[in-house]
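When the chains are written out, they are named A, B, C and D in that same order, and each has its own residue count from 1.
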Amino acid sequence: MIVVLGRDATPDQIRNVEAELRAMGYSIHPIYGVEKTVIGAVGAPDRDKEQDADRLRSLGCVEEVMLILRPYKFVSRESRAASTEVDVDGVVVGAERVVVMAGPCTVEARDQVLETARAVHRAGATILRGGAFKPSTSPYGFQGLGEDGLKILAEAKEETGLRIVTEVMDPRNVELVSRYADLLQVGTRNMQNFDLLKEVGQGKKPVLLKRGMSAKLDEWLHAAEYVCVKGNPNVILCERGIRTFEAYTRNTLDLSAVPAAKELSHLPVVVDPSQGTGRWSLVGPMSKAAVAAGADGLLIEVHPHPEQAVKDGPQSLKFDRFAQLMVEVASVARAVGRCV
Amino acid sequence: MIVVLGRDATPDQIRNVEAELRAMGYSIHPIYGVEKTVIGAVGAPDRDKEQDADRLRSLGCVEEVMLILRPYKFVSRESRAASTEVDVDGVVVGAERVVVMAGPCTVEARDQVLETARAVHRAGATILRGGAFKPSTSPYGFQGLGEDGLKILAEAKEETGLRIVTEVMDPRNVELVSRYADLLQVGTRNMQNFDLLKEVGQGKKPVLLKRGMSAKLDEWLHAAEYVCVKGNPNVILCERGIRTFEAYTRNTLDLSAVPAAKELSHLPVVVDPSQGTGRWSLVGPMSKAAVAAGADGLLIEVHPHPEQAVKDGPQSLKFDRFAQLMVEVASVARAVGRCV
Amino acid sequence: MIVVLGRDATPDQIRNVEAELRAMGYSIHPIYGVEKTVIGAVGAPDRDKEQDADRLRSLGCVEEVMLILRPYKFVSRESRAASTEVDVDGVVVGAERVVVMAGPCTVEARDQVLETARAVHRAGATILRGGAFKPSTSPYGFQGLGEDGLKILAEAKEETGLRIVTEVMDPRNVELVSRYADLLQVGTRNMQNFDLLKEVGQGKKPVLLKRGMSAKLDEWLHAAEYVCVKGNPNVILCERGIRTFEAYTRNTLDLSAVPAAKELSHLPVVVDPSQGTGRWSLVGPMSKAAVAAGADGLLIEVHPHPEQAVKDGPQSLKFDRFAQLMVEVASVARAVGRCV
Amino acid sequence: MIVVLGRDATPDQIRNVEAELRAMGYSIHPIYGVEKTVIGAVGAPDRDKEQDADRLRSLGCVEEVMLILRPYKFVSRESRAASTEVDVDGVVVGAERVVVMAGPCTVEARDQVLETARAVHRAGATILRGGAFKPSTSPYGFQGLGEDGLKILAEAKEETGLRIVTEVMDPRNVELVSRYADLLQVGTRNMQNFDLLKEVGQGKKPVLLKRGMSAKLDEWLHAAEYVCVKGNPNVILCERGIRTFEAYTRNTLDLSAVPAAKELSHLPVVVDPSQGTGRWSLVGPMSKAAVAAGADGLLIEVHPHPEQAVKDGPQSLKFDRFAQLMVEVASVARAVGRCV
């Protein structure tokens, strides 16, 4: 921890800060500059550094406090150099193969899901996506089929062998959704729903953690840490676009978050270009770009008839476009030493 | 609904869109321009307009779809011209008096809370704020005292008469928190935790709905609509700063959201300058500015010893500063025809 | 300067960084922690600290470099504790009186300007605003009347005594505009047009420096420093809204920038609620809020017939609304110990 | 143009708006809905639609005005379906070959530039980048060598055959820089420096137009239109990262802007991953991603000794890393049917 004192700090105030730091258990290294005093504080491995920093910032004479160590223990690359592979009922995310998770935004009906499952399976996807519990901005929007939707997904798995990823929103439903899903999705709006994170952290199912739409990398990794610290190390990070001033796209897909998250953490990172752009015409280019940037997988919305989708039709691909995209993605994957 | 077709739309495609709109129940008003065709679609009051718009956007030939009516029924000023007053156990928010809610960020200990309660009560606050369940970015941060914290708040109410506002994060705790709180706070990270919104919507306690840190006005009002549609009309909106590129302040306090939300909705709007700025030195000016902008109330963090606070010390006021601020706020309130 | 070395830095690398720092002229204070090494570097007052920091960041073993001193010399409050007052041909900005600058967005015609000048003068404004050179997003938009517009402004000054603030966009026009203007406006799009800043810095006319629409406080103050370092200390900062995700307002008016800029700098700060909100209905509340937050002045767009304005009609006030607003603003000004 | 009237608009007001539209030369198509009236206005091809829209928005009874046609004539894909190829002294940007422009951020010295030119030429780059006029946030930062720097670039061209791209900041320097450069760079801070745009539009040298750091796609294309409308059709768009809340990267590289700009416009689009990320470790992944997303070229900062660079060392590649990257980029280019 580095504590910068204001230009006007008196000798008394400086001594006071030093005493405070010692009382917290730190060993201190003051640097008395011509204009300002800076105090380095090291040691005290068990202290909550962010809390200590906040306390010091409250002292009138302290101008700034900077932390040195990254505050997460489980998810940081510093704590574990080797990249983590997450096993989703036999499909491994984070290994050589780029894993494609495809399917409709929303589970609407049995036929729609089964038809889509067959199509994406045929094209090479290995995980089926589809929402049974839907976060809808408006209370008048479709909220999902609930358990009936989960049963349809299970039937699709039974027939095609595709694994299932689906969202859970309410901590009270984690057990229910876990009975059907192979991978639990925590959505962008719930990235800091800490009670939900704790609940999925206590389970055994792997977790797909979407980045909050205004979450910094640091906050995203903290959210992953919430899951891991409860005992579940199987977290897959998912970049899905952040909120910016640009309105042409639904969100701004931050692909630099892929290599950046992989620098900071050993967890696998996948990308959702459908949510990330909101336009099907951009899904193809951004899928290929994601793989070129090092993504371990893709989430792609596919629908038999996008114009009849209850949600997110504008960003859904038709079957033939998806099949074509899989060929193109495979080509890019090979170019970066991977496969699909 | 206004549907704009692309320049290359063929007569067949145009007829197809028109048929689609008619099938949805709209009466249509096409405008065939030289370069583009635009179709106005009116009627069909019970359709989910956003879903219909998304379906149309999925058609290749449709360039844009614009909605005309605001999609919320309960909270819009269009639906109810008179401003709503929310009764918090006898303290009315949204009337002439600007209601000041003050107290520590976090309930840490009995003495800390009682001491603060007495000080803010003496200075003129009427509602005590303080968190017993705390959303902490890091899993290693303080998570709050839980029910023990609620009991301390209840004791402070007993002694001072201050009403209690405190946060609820988990839908499973709504009943518990409602036993102690007079006003349930839904925090910025949970503004789109829809299961929580439904749960507080089924209760009777008024709800303080903080704006999500990257929520548009529209989404904030939709979140309020979630609560109202479940039967609880007592929602107070709280602007608490949005996330922008500026890092000097913790958030960017969007005071224009106060008159803007009041244009769009009849609900009362209060402001939290402590979270909004993250710096105690800015809390004073922004409190006065909020009142001048028309805010119905303020949430201010006050702590007996900010430098010992477990959280948010840098943005907390000491007792004497808070008392002084109350005098200044009262002066501004009078200047805009209100009181404190 | 604080240099944080990566966890894997070898003793050789650490010695190398220390040698580099000494060669730059710093005296060094290493702190060898258990996990990381941190080096404090002080002295070397004449070095370009940001450049040195960038050089160090390029070394593979350096994780982070943090600067301690604010890098501007003229504009910082650290360099001059007393608030600066800027004299605009006898109208002082930064003193007790809140200075109101009002007028049309664009100089369209002689009558329009004279009529507006009389109205705002009558209502109590002391400076007339109006653009003769207009930055238009589209090349097909109105670009202003140029020198003819300046002459109209001069005539309005002649008649009413109002001082003139008007924008200069091109360094080649600084001399021309200075012949007519009492205060040179540098617009938001030109806040980092460094050649323009240097040019107005070499002149004698005071400068109204609008904040760039995505400028951090730090960058804004650096831009002011560009002007001052060239010899012109008469800079007035103007907050006019920043670009965020919120689209209901044209920009997000960041009123916390008023007290924040005043903490960091001794320069006066004024606010433009017309550009800041883009909606006339919000101009009133935000004008009052700006004054309550401590603004030294206001820029308000006023037009005899907003619906006929060539630009920015939606955010312009009519004469009667402006006159009424002046009364309300005066009331708030008195409440915070100032006048209008 | 679609004009939406407020719910409370009276028949008189509606007639008034209709008359106004007719007076502007539009033919009108009113749609009288149950709750609101909407008026479609078509025709009047020569009117400034944005100005008309603003005028209408100023009428109290008008709630919203939406434009239908994209307002740029030269740069839109609607106006010209075929993709434009820009010839940079024989190197074609926008054709099959992905053009790599590499070199130091800043021209510091003859040796540095020549050495770098040889290295990037050897690795396969065809255009040399390097700044002789530098936009520096601080007035104390390095401002570039000016014409001496241009002469060094010319010498590098002479020796290696690399074409030269370099920035021009001041309209007064366009002629000077054009004598040395093959491609004139307009930087992110000057994207809306309209006098500069007009000046480069009057010249013959092709223009590399960087996206403003907070520019919407629409504004970027408008800026390109400024250049084209003056007679210079040779504009290359350059995505270089936008400003968001994320601070881990220097900017947020918006790769979706590549396919999006190509949808909206026929101009070529290149990407600057060095500025876009600010970290050399991310330049490789993002270069490959840019090519996979369809970019027509790359701008990459390369320096013989990044740790000695006066600017942007942290985002500069060393020679060997750049050579390795060229091999990897070529592999991705082939995967998407292009070459390097």
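Note that in this section a contact is a pair of C-beta atoms (placed from the backbone, for glycine too) under 8 Å apart; a residue touches a chain by one contact, two chains touch by 3 or more.
Remember, it's a predicted structure, so these values are computed and weren't measured experimentally.
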Other chains in touch with both chain A and chain B: C, D
Work out which of A-B, A-C or A-D repeats the contact pattern of B-D, with more than half of the residue-numbered contact pairs in common. A-C
If you average the CA atoms of chain B and of chain C, how many Å lie between those two points? 30
So what's the Cα centroid distance for chain C and chain D, whole Å? 26
If you average the CA atoms of chain A and of chain C, how many Å lie between those two points? 38
Contacts with two or more other chains occur in chain B at residues 214, 243-245, 247
Can you list the chain B residues touching chain C in their complex? 214, 216-218, 242, 244-249, 252-260, 263, 276-277, 279, 281-282, 284-286, 288-294, 328, 331-332, 334-336
Write out the stretch or stretches of chain A touching chain C in their complex. 2, 4, 7, 29, 31, 33-36, 38, 40, 42-43, 45, 66, 68-69, 78, 243-245, 247
For a test of understanding, state which residues of chain A touch chain B in their complex under the given definition. 20, 48, 50-51, 54-59, 71-72, 135-143, 169-172, 189-190, 192-195, 213-214, 219, 222, 225-226, 229-230, 243, 280, 306-314, 316
